[in-house]
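Below is one structure, written out as structure tokens; the observations come after it.
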């Protein structure tokens, strides 16, 4: 692995780490804008959506980190285009706290508001998934991946990555039926991607991780 | 140590570093919302709880970093589940500034408010301790720790980690007697864990650290 | 490469990563200050400039990261002055989100406001470009670059870096004709610098990256 | 150098990087709270102190990073106490943006307000310098520094570090004469410490940096 690859990983991780903790800034501020004479129980009742947005953001951005971590294990070289694709992906990742916040804010809004905030949210998630896929395809096409990567495994991983935006679109479509159902579908998708699939870290971390 | 382990450590450190400095953002904002005609002395009198929350957060999150640092020295491999457990632990860590803020905000509130904010706080700290323990147990069970780790030492470390959530629950119980006493109990616990125990860095840092 | 160089890169990357995500904090807050009875469509109409500032910031700061990344690949030693020049450059980088925000805020303001905010913006960008160039010249002059760097390539890279502040000044001048045209000129400049030039990562990342 | 040392450096750098960029968050917010009908020129007149606080913070925190960077080059081992001392130092560093903000906010306040805000500021800076010195002394005493470090150089470096808090106290005393003079004295001190002294990186970065 070249020094460049390590630096790109570290930079991506820093952006993702800040994005993860952005929602905690939001939590901090919620408590301060309320009427000071309100008691804590009613405050919490008004704020439960902030907690929901915090958990959703952590789940989705955390899963993106895991996927990024798993896919970059195979990258041994970088070129200018891969860095640009990675940066655009990070732009969408850093916008996810904002969109998750909108989503949870409008859970009790009008049907139109719910659908628009769901559309903004799915826009950020789809943008991330799209540029993640483009970066992966580019790395495969330009020979930036380790030669140790079995072509059949690479093919399986590619298909798995490609499936993700399609599933997100499916979860988005459910918002026209019920916005909370749509939210649960997103969380279900995260859970599915946390289950080990091709290209993920092996159970017990033997062999492969060690030989590098 | 594999490259994966180093990357997980760096990512965890970034999240913890942002969580540590979140309270400083809070400090910055406190000064701005007050009446501009108030003089600085009365401002500071109103703000002392913000300083308290800052110190508590730094003490607790700093101690979590130390413990994380000490335990990950033994991790030589990672798998998908360990990463997920680590991410959930980080979710609780990043929520600690918010809960410490609530705790200090309600020190002078009603008894019910004090107990609820203490419960929220202990929830974040217990969640962190729980997933920290789960990650440690998982790493031991799946053989992700260095074979150089003496099984008796591993056992001692495990017990010490397990004790932490129980002590937190004890400190929480005190809130029903006196909330400030409960806060002092938390700080005492942090101090106790800063004292060297099994699995911590050796005094003078000889031997072990070097041989790696 | 010495350990010092790696640490300076990691520190610079952390500052740049936080600067990149600062605009996301801004996005989060925009949603909260509006009248709660306003519907989401009219909110978004009022907020489109926040999205624009977010994209501009990401484009410019992202491009700065790329350029920094490419130029520091050649640095093998650091001295005190290089660190100071790098720190001052980071000071201007961290101010870019603020200036981009001002720029987008005043797109619909009076002509004077547009020109002042454009001047503040170009001030931050020129300051960054100036100290970036100073750091590069210093590193060349003091022999801090790798001896593998072809002097003719170094010369080409130097000229390319030097051109950047001049182009920024050109884009700034356009604000006296039309502020939106000026903004588009900035984005065009970013796009131009993303195209591979001398000193950038080679296509396919072969050879050079590997031999290190 | 052990892996522990590198991780402590990376963590410290992340905290310092976030502290550096905290003031940029502050800048972003200043622009938003003003009356929307105010024009940009009068806004900037009201905000010049925010820019001053931004530059002061960057100068002081940047200089702390440089000093930290220079002193940790000699650390080859860490123990529990060194980590705790380093964490307490970081707690003071992360509070500097808040205190610099107070300082610049009260430049035009009453004499008492000026002196109190200067006292808070010097408190944070002295706390940082104190724990920085304690960490350095501890590392020397417990043999955590590289054996290559010439004892005479170590002695010179120790004295230089010790001088810093005394100079800060001197700059603080000037606030009773004139607060702006006191501020200039702080900036002068930063400039003095940026000049190469014993233990800093050698000019041209030869020899020493390379041999590691």
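Order as written gives the chain letters A, B, C and D; numbering starts at 1 within each chain.
Everything below uses one rule, namely that a residue touches a chain if its C-beta (ideal position, glycine included) is under 8 Å from a C-beta of that chain, and two chains touch if they have at least 3 such contacts.
Nothing here was measured: the structure is a model prediction, and the numbers come from that model.
In this assembly, B is the chain whose CA centroid lies farthest from the centroid of subunit C. Look at the contact of subunit A with subunit B and you find different residues on each copy: under half of the numbers used there are shared. Put simply, the C-alpha centre of subunit B and that of subunit C have 35 angstrom between them. Work out the mean CA point of subunit C and of subunit D, and you get 25 Å between them. Shown for subunit A are the residues that touch two or more other chains, namely 10, 14, 18, 25, 29.
Interface residues of subunit A, counted against subunit B in their complex, comprise 1, 6, 9-10, 13-14, 16-18, 20-21, 23-25, 27-29, 31-32, 39-41, 44, 54-55, 58, 62, 65-66, 69, 73, 194, 196, 200-206, 209-210, 212. Looking at the complex, you find that subunit A touches subunit C at residues 2-4, 7-8, 10-11, 14-15, 18-19, 22, 25-26, 29, 33, 77-84, 87, 90-91, 94-95, 97-98, 101-102, 105-106, 109-110, 112-113, 116-117, 142-144.
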